[in-house]
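In the two assemblies presented below, chain A is common to both, partnered first by chain B and then by chain C.
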Partner chain A sequence: MGLIDQLDIEEINSVYLFANTPKYLYRHLQHIKSVQELSQHASLQNLVDEYNKITSPTTKSSEDIAIAYALLITVTFWEYQKALAAFDKFDLSRLEWGNDVKHIFKTNAPINTIVGIDMKADIPPNGLKVSGSSTSTASYEYTHNNQRGGKT
Partner chain B sequence: MITSSLMLCADRVIRDAETNNISAIGILEAITPEGLPMFIPRIMILAFLHRNKEEDPSKIKCTFRIEIGDNKLLEHELVVDFQDKERNRTIINVGGLAISTNGMLEVSLFLEERLLNQFKFIINAPRRIDVAKQEA
Partner chain C sequence: MKTIIIPNKPHYTDIILQTRIRNDIPNSQSHEFDSYEKRLFLELEGKFDKAIFREPPNPIYNCHGLTFASRRTSITDNTALQTILHDDGYQEVAPADVLPGDVILYYYEDGDVEHSGVVVSKPDSQLKIPWVLSKWGRFKEVVHYANDCPYEFSYFRYYRVTKWD
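So, the complex of A and B:
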């Protein structure tokens, strides 16, 4: 089964037909389950091959364009740096909003740093008569961006 | 220059996985304990940081500190990674804080020795319970 066979083409097409802005297209294609699922197992090379095939000037139909956008959106679920590098492999100029998709991905949101500090209070046997300075900490931290589950 | 446009402490700071929007619930302003010392099981700190891409490095080492009066309750170093962006939202989850005195609790974020931002909230003196009056 090819990559495109795994996509819900009817749903993708209807989103594309209704899309009046790149942001609308981006947000609504991200909601499509088959696009989300494809992002989990499709390789970059396969995505680029399919993209090149359906966006070539001879075969570009409305449905092909919708699918091409869905393939681009697939990349947006990947970890940030990997996705950013992947966008460079696509010829974004073949789609009217190709560069907009990349731009939305890049500027959608800033990076988040999340730090957790677990306090292990050194409580003496006679109760909590202790200042906070005698606590030890254990921490974790990670940085991630706007991908679902993206984490570096 | 690295700057911080916002800093706050709340009961919960939540990031929406889909939109990446941040919500803060139960922003701390004043706490009146039943007695001291007291233990706050969780404090979440949110700080918005900005950098100039041309001038500033993508990774910086910050220190955040929680103090009440002269008493340093917590100090922790953290690495903030902007990656290729200009903005970073830092969420710090402090899993418990023992407070032994009342006063102004200051949560500060430093870049080396420079104060980036600070949030203060008050720990009030415990309420006096008149036991004799209650028994009557």
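So, the complex of A and C:
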């Protein structure tokens, strides 16, 4: 069974056809179960290969375009850094909202670093120092990797 | 069935579009459409039997293009919509005060504007819901009950141009 055979084409098409904005497309494709499941079965390279095949400028149909968006959305279920690197392998200019999808993904980046300020601490006249410095007295940093919990 | 490409035209174009006080609004016109897409739309029409579908389908403009750009282009940027509301003098109208000609915006729970349209009737006396003219993505213009469409109707607001100076 090919990659595309695993997708619910009818559901993907209806999202694509009714999408007024890239955000609508992104959000509703992410909610489709077959798109989520494909991220468990396909490799990133499989997705890139399939995308390149169906978005060939001379052959693509509207269904190909809808599926191509679904393949891009599948990437968003990977661990953030791997997914971000994968986006560079797609020719996003082949789709009207290809770069928008990447942009939305980036703006939804997981929070890896939380910086807290101790308001009771004495703040030196020259301001706060970067946390991690041995002389810092007014700030601390907490880092938690892979908070998104995506596919690794 | 392959995409129809209009000869000597790029797939996507844009136009100069500005608010009343001349802030530029990013926009895009799609020139891609195919018969497969048209067939799918016809199948989807059947799910909305109370709605009136206006011919023909048109990928050039989207819902926001119908509501705010006179059917000339698509507007897809949420920030641009907020700029239009501000610059063009729109103010929110309470649902009980809605009149034909007002604008309805459909919000997703995170504040993103998923859809928009123009109110074409006073709210129904029983359901308190008006009829709306809107454009469904790349598909047709549709006249429909505000809650009878493929977009989330949980968070919506009505607007009217009330400020002119």
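Rule of thumb we're sticking to: the second predicted complex is superposed on the first by the 111 of 152 C-alpha atoms of A that agree within 3 Å, B and C clash if a C-alpha of one lies under 4 Å from a C-alpha of the other, contacts with A are read in each partner's own complex, and residues count from 1 in each chain.
Here, contacts are C-beta pairs under 8 Å (C-beta built on N, C-alpha and C of every residue); 3 or more make two chains touch, one makes a residue touch a chain.
Keep in mind it's a predicted model, so treat the numbers as computed, not measured.
Enquirer: State whether chain B or chain C is in contact with more residues of chain A in the superposed arrangement.
Expert: Comparing chain B with chain C, the partner touching more chain A residues is B.
Enquirer: Check whether A:E63 is in contact with chain B, with chain C, with both or with neither, and answer first, second, both or neither.
Expert: The second partner, chain C, only.
Enquirer: With the two structures laid over each other on chain A, which partner does A:N99 touch: chain B (first), chain C (second), both, or neither?
Expert: Neither: A:N99 stays clear of chain B and chain C.
Enquirer: Just checking: does A:Q81 make contact with chain B only, chain C only, both, or neither of them? Give me first, second, both or neither.
Expert: first
Enquirer: Taking the superposition on A as described, I'd like to know which of chain B and chain C A:P22 touches: first, second, both or neither.
Expert: After superposing on A, A:P22 lies in contact with chain C but is clear of chain B.
Enquirer: Taking the superposition as given, does A:S14 touch the first partner, chain B, the second, chain C, both, or neither?
Expert: second
Enquirer: Where on chain A does chain B make contact in their complex?
Expert: Those in contact with chain B are residues 80-81, 84, 106, 108-119, 121, 128-133, 135, 137, 139, 141, 143, 145-146, 148-149, 152.
Enquirer: State the interface residues of chain C toward chain A in the complex, per the touch definition above.
Expert: Where chain C meets chain A, its residues are 1-3, 11-12, 28, 30, 32-34, 36-37, 40-41, 44, 62-64, 74, 76-78, 108, 112-116, 135-139, 150-151.
Enquirer: Can you name the residues of chain A that touch chain C in the complex?
Expert: Residues in contact with chain C: 13-14, 16-24, 27, 59-63, 65, 96-97, 100.
Enquirer: Mind pulling up the chain B residues that touch chain A in the complex?
Expert: 15, 17-21, 37, 39, 66, 68, 71-74, 76, 78-100
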